[in-house]
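Once you've had a glance at the structure underneath, I'll fire off some questions.
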């Protein structure tokens, strides 16, 4: 077990990268605390798999270093890093039994058969595959195969980190949920550091204590699910997390106040004076209230979607689309309404980055 | 790493040595060949090639071979296509047995069939025609083509067929305009194998022909036995038989590995 | 699920007719000959199973069959491991891949009698590259027209030259179909090179190797042209394999009855052995 530190990491798949765009990973500095449950979240091609393969040692980074508890492992091969990785598609050894599959990583390291037996039995118990130990692994269903892949990662008691690369891709939807809670439970029992790579926000938010959001080879934000939801550090995070994503509205900033199409929008607190650039107001649909008359911004309703527990209202004001999530009664399409933003949840972004802070907070 | 790439390199060298020797021999004069060993042709000559390309008994051998090989390839692929489709898409009474029986024909030693073939094709009046050889080679090429095409067709999702029917395609139109284009690689590979096995086979081709449709391979055996030491000529004729194969193989190079696995990887 | 459809028979009819014409009629002819005696002039006498008894008890047949099994056995134990080894050493991507594939496939596209003739020229004691090298450079007496052992070595090497590529290409096709994640997982699991071969590569190559072994078995068991052109079955009868012997009896001596009986026995052995191979190699799949 160890703390994992990535410092000044850069990686390019080209032989001689010049421009920033040549890099799949642009300068990553990141520390993964021992025993944490992390999710690495981002759209396809954002560099999250590259990052994962660098940590596991399948890729050697172009620049920078990886430290496991202050030991530099940048040049070490995967087998000597004491890590485990679960891949998108279940990797199992077809000709072996489930037992032999689980025992494989231990036997390769020359562990005593008695210890092997004890570990395999314990892991099989945890994964609820104890009844299948003597079946041939090739005869298992996809979700059980994926369990075996996970089991091979967890069977070594001293792994520094277990990494999951979109492990639920081939699993049936109704089993996904089960396997995900299994993983969460496993984390609580074995207390190994786990990194879960996914492009699915639900998977990330339900699994992880800390979510690392990546975009275009950069880490955009690290935080708890609640932080990511309430204070996205970047409009990308706002869009990417939440359904529908955060409303991001163009605005002008004059004397520390924001104006959306001429209407003053009250911000959570003072805006950073520094930096110019494109200014936007960000507000989650959950914090937009709709009334027939009253204060706020005049808008008209374009669509209302009933998605079960609540309704999503799509309104248009100053040529911008604004979503609002309402419980109970909703206006009809075509009606004129007033939109009110909850002040404590209204943020200012400059050039995409968060540029306001709560009342009283010290920067 | 370097050591590892030595293995295929040495193997290819081993493959090329006899071919090199054949080609080198074909450019030597008869005098040089009989005079003794020489690693390279001392005096290059095209005489052997000129003789082959100007003597009708020689070059007609090539033309005959190409005619029946082409005929066989076309026939084999055409009849194998619907059959392979049936095997890959439908179950019907006796399908497994039929498929197995087709494959057993691939196991039949050609020597077993030589004499009966001669009598059969003489009886139906096809002896010494190109079509006779083309049909005879169907014995082992059709099962092979069915096998290969079935493998490739099974890789095409059945939803493709269903979608096409929903869209109102008739079966023949669906088969030609939608299905065939999605298995072009398979058709190419099947045609390649039919070409290959028809081109390299000699026993049946020789048994079923006398003069009119005599294949190049048979012309060569005659020369080798009767004229004794015309090694240069023999080498030149042999070299020329390698060329069609080399050309064909170049076209299917990207599908070769998959093709040899009969589409079953 | 595939559709149950008897109209499928319509689709297979052309194949059926064509193969039946080529296989059934000649096969009936063979069966017909195998139970009759003829002295020419289309006069036939019922002979029963005499020919079968004669073939099955003849020394000549036993020896040819023995040679045939030895040949096929040697071919398989040399070509299969060698082919797998070469496939493992081949590059997986890049410019050299098509180059390797094309050059390796080339021997298989050369007409079989040309293969025999080519090896004849290659091994001529004084003017062949191999023959000269053996006799004059290494000083090892080598003449396959005189020495049965040399003849055997030569037909084996010729077949290795001719057909190992089939195994290489099949094994290679199996290898490139293995997703990279398998190798990565094995690396993380600390697997040795041998373990990777034994537990990942070999299982994934199993289907294609089954095909390779079956094809190599059938084709080497039925081989005729190449050894016939190269050695003519000699020196003596030392390289007279089953097909060569059969053609000698049928077309050389025109002993139609015994030849026909031998054909049927020959075919039956090929079928039986292929079936055995196939059953043995796929036995594990059907378990559980």
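Annotations
Each chain gets a letter, A, B and C, in the order it is written, and its residues are counted from 1.
As a working rule, a contact is a pair of C-beta atoms (placed from the backbone, for glycine too) under 8 Å apart; a residue touches a chain by one contact, two chains touch by 3 or more.
Being a predicted model, the structure only gives us computed values, none of them experimental.
Chain centres here are means of the Cα atoms, and by that rule the chain farthest away from chain C is A.
A count of contacting C-beta pairs for B-C and for A-C identifies B-C as the more extensively joined pair. Rounded to whole angstrom units, the spacing between the C-alpha centres of chain A and chain C is 57. Look at where the CA atoms of chain B average out and do the same for chain C: the two points lie 16 Å apart.
Contact residues of chain A toward chain C in the complex are 53, 56, 58, 77-79, 83-85, 87-89, 91, 93-96, 104-105, 108-109, 135-136, 139, 149, 152. On the side of chain C, the complex with chain A involves touching residues 179, 181-182, 184-185, 187-192, 195, 199-200, 203-204, 288.
Those residues of chain C that touch chain B in the shared complex are 2-12, 14-16, 18-19, 21-23, 25-27, 29-30, 85-86, 89-91, 98, 100-114, 117-119, 121-122, 126-130, 132, 136, 161, 164-166, 168-170, 172-174, 176-177, 207-208, 211, 218, 221-222, 224-225, 229, 242-244, 246-247, 250-251, 256, 259, 263, 266-267, 270-271, 274. By the touch criterion given at the top, residues 4-8, 11-12, 14-22, 25, 33-34, 36-37, 39, 75, 78-80, 82-83, 85-87, 89-93, 95, 98, 102, 104-117, 119-120, 135-136, 138-139, 142-143, 146, 196, 199-203, 216-217, 220-221, 224, 231, 234-235, 238, 241-242, 244-246, 248-250, 253-254, 256-258, 260-262, 264-265 of chain B touch chain C in their complex.
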